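Pasting a structure below so you can have a look.
In this document, chain identifiers A, B, C and D correspond to the written order of the chains, with residue numbering beginning at 1 in each.
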């Protein structure tokens, strides 16, 4: 962290500031005195330094970050790629995971049918929502705990590990048989929930918020990791921009940049990003080509009757076709799918 | 809601769709048959119609909204401005509320000192955070329940009603003596929390999410109101845009547009929007001039030592100066301040 | 176009509006009268209807578009993919074009060296800037006409057709030997320039503006096409969002959506989009996988000495490696590269 | 400018870089050597340093700006507010200018009628478009030179100085009798045009581009000023964000921030920002309260018949009412209106 002081700051004020900084933080200060400008370089645990406090000081001109404010999520702290193993289904480095299933769990028949179909096409996880964050209070809100039970049944029937979303701490008690707990985009900065998830012994799928920067996303991961849970899977699902031709704008360029900054696996959700079932294939292939570690896609046996987001769901046939394409791409990239 | 069908859709398919729509929704259909285009106009409780499901139909070209998807929050449903009365402190229509206080509650001395100062200058509410949503897990997270107790003490000392943020349902039990419960921007679409707040008998201050459209904001209010709690105060606190010269971009133009669409009061938080203490005066005056029903501003007795967001806090002297300016503006606008 | 009138609009006012619309536009009106709502469906040349004028009418509640406001650029007007042939180098449908070269033309030696290298690796066009739109007036502004001459020399030496940017109508006279004229992102809505380019007999490479929606982009193409020049190549080069980890946010999801709406070819510029040379490979592969018709990438023989945007330029070795990868992808997609 | 080098960079490489920087730029280097990190502080004419080139160096970790890249537009270079005097009509510091008139010049009768009306209400400039940048090639494109003649007639009739937009260098010859030349938002980075305007002896009204940061705007002003023309009036007219309830999002918070960074006057265009005539009053008052130096608003004698943007035009009556309000606000702010 670099602190640029205002020109002609008196020496005593500089010394007082340095004392305050070192007394409150575990950092060393590299003091560089020019004829006009004074620059303080802070080295050490700068993750803990309160940048707003520094900026509020009358003698401070500017504070610039050199190191990122996260640590456990950072690749410089942990250079090797993290591979997350969920009962044998792996995500990260050479392992490309495909999580497929309906937007919301509707019935046993629907869910098991879809689960069997996506497994046959090569999916490695079953996704499905029991608690649904809907924009309208008048829309179908999910089956709740009964939905979780149906997911567990489908898991037993197919052997696929299950991924499903938690919306509130109070629901966590019912997640015992869930394999991967998903945090939705709208909850990415629900810090109370993130802290709690630092203490569950399960991998967390953390979706990027609609207006979260890469740094915000990694700070949210850091919240979970700071609590002791290192198994975080990041998920890009579209950010909010001025463009309305797609529901959100899928930010695939975050993939190579994330790969530089973090060791955590990153998967892509093209269904929510575009909101258009016919655009999913294009984005799924692009995600693999760009270096993603997996996909999360919505598949429904009868999209026109779906209780939730029917316009973005693939049919099992469309999904099967996409999987066959992805396998050819995975070969080029030497990834296991 | 207007449903445009694809050209040359066979009549039976049209009739089947109409039947499906009317069997699932409380709407009437106005069928307009052109030579090529078929347009279905849905009239009635269109708030409950699943637009995604309609869009997933093979014969549907486009679905366009005419009515907004919220009802209780809508001005057409409730033409008169809502005035919220908190122990005599009013917000809405002619009443301009000023909520002032520190970002986070730090100590009894700090809080009571600030509370007395802002009251003397004309603030009508005391704000202060006990549970703090911080971007970094390593930053000060607030005093928690102890902070709430200090707020209650300051309320007793000054008579100012208190506004403070809840981050999770589990904290609500401790909010008995709080007057207005705040939902932060990052929790605006924490639907589980919103539903719960529909059942507390207190006004809710709902902050607009960083990437929430006006419609998203009103749908979040609708969640609370659908549960039976009609006392919702909306708060614009800056949206996320490409501009980094300010922390967020304060969207003051949402004020006149919200006034057209809803009867709920709307206040402005210039402190979080700009992140710059020296920009607060300009934006506070602009908010009043634009038609806002109140302000929420951060005031700290010693910003350079603040445990949270010191760079955006006003000193009591700055706040006093702003209040004297606002009173002159309020006179022109014939608002009680 | 659908015009929803306010409830209880008197019949004479409706008839007057209908008369005004049909007298000024070549459209038919489909009048649908409900008990409360009146809906007018406009069918015909709605591209010419002034939507702002309609919205200014006191009796109009809402105006909704059904058809897009462009025509010549629209796929419904021209269902087959457009293939643009530049001296045998093709772009569109099955032909994947690669335009490579330096950000700015610096010297004959530099340019010809790069041109030969990229040709050897498989590039099909040489790109290079002679007129440079730089953010700072103090930065290198390009060699101007002398740069164009060097491009023509390199074209003669290698046989590669050349693509270069025009910034103003007054420069066009010097573009006689240029094969494809580029319009930069900042000039995408320089309508005077676009109109002029409607009359030159050369293909235009039209870069999407940083805040241009898909519709804005296609309307800019329509400006050129309305003048009689049908050879427009669209180029996505990143849009401006809140994310600063990359220079811009590359919107690859626009590819499948553009393919639905237009017959024009679309290429991707990953160099400007990310501003990061090490992210270009990932995005180049993703672009091909997503369905793009080509790429525009910056290659420099010595990026560390480049007079312009050195941080985003590939070395010839990096470019060669990327091309070998792209050829394998092209095989899967059955595209000629 | 601060250049952070990678850890363990060998001394020779550091010295070579320092030599390169000082040989190409008029700066001094403040070398600060820590145990691990090396920081180079560049002081002097850093406006001319190529930041991209520095970032392309293999040994460079990060480059951070301390000073802004503009100079003539900067308040640190010119601390006193600039006041622009146009035949006695002043803009800046204590002078609040009101530029009013139709979106496009349509006829002599229309223009002179509006000009007289707005003058009577207190407008100090007449605005009106002769060359119109329309999104659609099929929309009315303005009267061109004939429109300029009508503006000059109205100027003679009323004495109001005129402001009108230039879209291309080739049109400038006809601007002899124009008092203030406007550059539209879509041309803000038409650098060829900006350079030319550096050599005309007239004030330039520079509109902020829809996705221009404050820095981009000031760099565009710098282009004009670098050519010798110091009379630049900045105009905020809404930026493009995800919010569609208003046409653009009016960024009023840029006012106090611009006032810190530049000495140039800044005016606000609420008509284009909101696109809603009924929202103009609210935003006009807010602009004055926020510290703006003036307004640009659209007024039309018959908005329902306007050839351009009728939905955002005020009637003369609405304008007169707003002016009476603004005069009361101006009194508080001690501004001449």
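Note that in this section a contact is a pair of C-beta atoms (placed from the backbone, for glycine too) under 8 Å apart; a residue touches a chain by one contact, two chains touch by 3 or more.
Please read all numbers here as calculations on a predicted model, not as lab measurements.
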Most remote chain, CA-based centroid, reference being chain B: C
B-D against A-D, pair bridged by the larger set of C-beta contacts: B-D
Separation of chain C from chain D, taking each centre as the mean of its C-alpha atoms, in whole Å: 26
For chain B paired with chain D, centre-to-centre distance based on mean C-alpha positions, whole Å: 32
Averaged-CA centre spacing for the pair chain D and chain A, given as whole angstrom: 39
Touching two or more other chains - residues of chain D: 211, 240-242, 244
Interfacial residue positions of chain C with respect to chain A in the complex: 211, 213-215, 239, 241-246, 249-257, 260, 270, 273-274, 276, 278-279, 281-283, 285-291, 325, 328-329, 332
Complex interface listing, chain A residues touching chain D: 2, 4, 30, 32, 34, 36-37, 39, 41, 43, 61-62, 64, 66, 240-242, 244
Chain C to chain D touching residues, read off their complex: 47-48, 50, 52-53, 55-58, 69, 131, 133-140, 167-171, 186-187, 189-193, 195, 209-211, 216, 219, 222-223, 226-227, 240, 277, 303-313
